[in-house]
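The structure appears right after this line, and notes come after that.
To keep things simple, chains are lettered A, B, C and D as they appear, and every chain counts its residues starting from 1.
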Amino acid sequence: MRFLDDVTVELVKHSASDTDVLWAARVSTAGEQSLAELEKDPGRSKGLINYLMRDRHGSPFEHNSMTFFVSAPIFVFREFQRHRVGWSYNEESGRYRELQPSFYVPGEGRKLVQEGKPGRYVFVDGTPEQHKLVTQQMESAYRQSYAAYEEMLEAGVAREVARAVLPVGLFSTMYATCNARSLMHFLSLRTQHEQARVPSFPQREIEMVAERMEAVWAELMPLTHAAFVANGRVAP
Amino acid sequence: MRFLDDVTVELVKHSASDTDVLWAARVSTAGEQSLAELEKDPGRSKGLINYLMRDRHGSPFEHNSMTFFVSAPIFVFREFQRHRVGWSYNEESGRYRELQPSFYVPGEGRKLVQEGKPGRYVFVDGTPEQHKLVTQQMESAYRQSYAAYEEMLEAGVAREVARAVLPVGLFSTMYATCNARSLMHFLSLRTQHEQARVPSFPQREIEMVAERMEAVWAELMPLTHAAFVANGRVAP
Amino acid sequence: MRFLDDVTVELVKHSASDTDVLWAARVSTAGEQSLAELEKDPGRSKGLINYLMRDRHGSPFEHNSMTFFVSAPIFVFREFQRHRVGWSYNEESGRYRELQPSFYVPGEGRKLVQEGKPGRYVFVDGTPEQHKLVTQQMESAYRQSYAAYEEMLEAGVAREVARAVLPVGLFSTMYATCNARSLMHFLSLRTQHEQARVPSFPQREIEMVAERMEAVWAELMPLTHAAFVANGRVAP
Amino acid sequence: MRFLDDVTVELVKHSASDTDVLWAARVSTAGEQSLAELEKDPGRSKGLINYLMRDRHGSPFEHNSMTFFVSAPIFVFREFQRHRVGWSYNEESGRYRELQPSFYVPGEGRKLVQEGKPGRYVFVDGTPEQHKLVTQQMESAYRQSYAAYEEMLEAGVAREVARAVLPVGLFSTMYATCNARSLMHFLSLRTQHEQARVPSFPQREIEMVAERMEAVWAELMPLTHAAFVANGRVAP
C-alpha cells in the first residue's frame, strides 16, 4: 500500500522541434530556399513563430508529436481525457489487470480550503488539524476499499466488477500523445498564470501534471514555448 | 444512501430522422426533385440508406443530433468519454457540487465470473455466495467511503479534495450529444451481438447504457438503424 | 452560364437555443430546480452564459446543432473544409454529377488590390479599369474551361477526369452541420471586426458566408451571440 | 508550364515503429517486463498486433507520427482534406504566393471511361482518340486559365482574387501529418484491393497518393501493415 502526494510525467518519445513549425509554415508561404536562409537567422525564426502564434495560424504547430507516460490519480485522468482533439490515450485497464494499491494523499503544500463563490474560488491553506484529518480519512478509506477489492478477487469475482469499490484517488497510468497545438490548448486551461490573457482555475493535481509536461515541452521547442508565453498563454 | 443495479438513459432533445440522411446524400449526388420522388417511394429510401451504409459513405449520417441524459457509475463514464469524435459531454462536477450517495451494486442477472484467456473472456454466472459477498463488500465499502467524504466536507475541506475517497461505483450524470455516425461507432464497440461482423467484448454496464441509446435511436431513425444491423453493425 | 457575385446561405434545420446552453451547464453545477428558477429570471441566464464564455467553459455550447445549405465558389469551400472539429460536410460530387456552369465574378464592392507586407495585407478599391479587366478575364476563362469540360464529356470521358479543367471560381453546394462552439471558432477566424480581441484577415468571400451564418445564429441563440461579441469574438 | 501525369509523396519525418504499438498496448494490459520478453519473441509481437487489429483496439495505433510532403492536383487535395480525424495539414497558400503553372494531364495508363450505374462504376480504357482529346483540351484550357491569372496579377489584382480562374487540375503542395490509425482509415477508403473486406471506389489520382504513402508506411511499421492487410484492410 503506497500513499503518494505527487504525480509522474516522463517523455517516452518525441518528434518535436521549432524547426517543424518553420517548415510547415514555409510550405504555406514560401520556398525551401527561404527556409535555409531562415535557419541561418535565429532572430527571423523567432519572429515567424511569434507571428504565427499571435495571428492564430494554428496548423503549423501540429506537425510534431510527443508521447508522455503519466501516472496520476483517476480524478486527474477523468479531467485529462476530456481533451479530445489532438490527443491519443492508452490507459491501464482495470478489466485486464489487477490494479495496484497506490493512492493519492495531498502533501503539506496542497491548499485544502476553498473560499469565495462558484466560478471564482480561491484556495487557502488548511489548518494542521485539517491536514491531519484528510490524511487519516483518506488512508483509512483507501485501505478499506482496497481490502474489499481483494476480498472479491479472492472469491473469484471478475476484476471489472470488483473494481467498483476502488476510489478515484487510486493512481492509474497512461500513454498520452499530443502535438504542440493540442498541448498548448491543454496548458491554457490546466495551468494558472498571472500573465495569462484568460484566467483558468484548474484543480491543483492536474496542474501538477500540466506543469511537468510544460517543462519538458519548453526544452524541446523553446521558441514555440516562448511565443506561447509572450502571447498570453492562449493556444493558436 | 441508494444502491442501484441499473442505469438511466433519457432522450433530452433531438433533431434526427432518416430524411436527414437522404437530404445530405442527395446534395452529393442529385437535385432536390429526386428527393421529392424518393420520399414518395419508401423502398428507394431504404435502398439508398442501405447503399450508403454498405459502401461506407459515412458523412450523410452526421447531419443530425441527439442529446441524452445519462446516469451511470463513474467506471462507465470513464469508458464512455474515451469516445472523442462526434461526441460532446457535460458531466456533473465534483468540484462545484457535493456528490450524492448513489452507488452501483450488480443485480442478480449480472454474470460475475470471467473465464478464458485475456482478450477472449467469457462471463458466467456467479454462485449465490459470490453475489452475496459482492453485495456486502460493495455496500460496506461505499458506506465507509462516503462517510469519510462527509467527514472531510464537514471539517471544511474542499469538495475537489475530499472526493478522492469516492469510488468509481458512484453514480454520476451527464449530457451526451452525438450524431448517428458517432453513435453507430459507439454501439459497434459497446454492444455484443451474434450478427455483428466484428466481435466486441464490452463491459456489461456500458452495454446497458448502449442498449438504451440504441432503442431510442432505432425509433428516431428506423431505416438507418435497420441498415446498421443488416450491414453487420459496423459504423460507416 | 451564370456569373454570380454573391454566395447563398440557408438554414436547413436546427436544434439550437440559449436554453440548451443553460441546461448543459446546469448538469455540471446544479439541479433542475435551479434551472426552472433561472428561466424565470432572464438576467441570470444572460449572466450565466456570459460567465461560461468568459471563463472558457466551452462544452455547454456544444449540445445543439445547425445545418446550413451553402452555395459558394470552390476556393471558399477549400478554406471552409479545413475546419475539422465539430463540423460535418456533404458536398456536391463532381464524380457523380455533371457540374453546372455557375461562376464567381467579384461585384463592384469587392476591393481588388492588396497593399502592405505579408500577414498584414490591407485591401483597397480597384480602379474601374481593374474591375473591367477582372470581369472580362474571368468570364472568358470560365467560358473556355467549361467548354473544354463539355467537350470531354461529350466524347465519353468520365466526369471525374474532365472536371480537372474547371476553375476554383466554380460554384459548389454543400450541407454543413455545426454546433455553436464550432461555429464561434469559425467566425473568430473568418470574420473581421474592430471589437475582436484577436485580429483576423479572412478572404472577403468566405467572410460573406460567415456573416450570413452569424446573422442566422444570432437569431437562434441571441444571448450566446451577445456573449460572444461582448467577450471579444473568441470561441470558448 | 509543366504538364504532369504523376503525383509526389515524400516522407519528411517520422516517429513510427511497430514497437510504439506494443508499448502502448502493454500500458493497458501488462508491465514493462512483459514487453522486454515480447521483444525477444517476434512471433508474439506479431500475434499481439494482429489481435489488436482484429478486435479493433484502435488506440495503440495512434502513438506515432508521420509527416508527408505531397504534391498533387487540387481535386485530389479536396478529397484528401475531408479526412478530419488524426490529420494535420499545411497547404501552399494562393493568398500569400503566386501559384506556379504545373498541371495534371492523365497518363496513358489512366482509364478514362466509366461504365455502370452510380455507386458501382467500373473504369475502362479510353480510345487513343479520347486520350488525345483529353490531352489537347486540358493543355489548352490550362494555358488559357493561367494566362488570365497572370494578366490579372500584372494589372495589380490581388492573388486571392485572380486565382479564381485557376483549375482544380493545378498542382498544389502540402505537409500532411497523421498516425498509423488515421492513415489506415484513409487507406481503407482511398485504395482499392481485392482482399479488402469492404469495397472502395477511390478516384485513381488520390489512390496514387495513397499507394505511395502505404509503401512508405509498410517499411516503417511492417508488422502493423501486415496485420492491416491480413484483417481485410479495415482500420481498427
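Just so we're on the same page, contacts are C-beta pairs under 8 Å (C-beta built on N, C-alpha and C of every residue); 3 or more make two chains touch, one makes a residue touch a chain.
None of the values given here were measured: they were computed from a predicted structure.
Touch-path distance (fewest steps) from subunit A to subunit D is 1. A count of contacting C-beta pairs for A-B and for A-C identifies A-B as the more extensively joined pair. Each chain gets one centre point, the mean of its Cα atoms, and the points for subunit A and subunit C are 33 Å apart. Chain centres here are Cα means. That of subunit A falls 27 Å from that of subunit B.
In subunit A, the positions touching at least two other chains are 29, 59, 82, 85, 89, 96, 118. Subunit B makes touch with subunit C in their complex at residues 12-15, 20, 23-25, 27-30, 59-60, 62-65, 67, 69, 88-93, 96-97, 173-175, 177, 179.
Taken together, the subunit B residues at the contact with subunit A in this complex read 73-75, 77-78, 81-82, 84-85, 87, 89, 94-96, 103-104, 106, 110, 112-114, 118, 121, 123, 126, 129-130, 133-134, 137-138, 140-142, 144-145, 148, 151-152, 155-169, 203.
Interface residues of subunit A facing subunit C in the complex, by the touch rule stated above, are 29, 51, 55-56, 59, 82, 85, 118-119, 189, 198-201.
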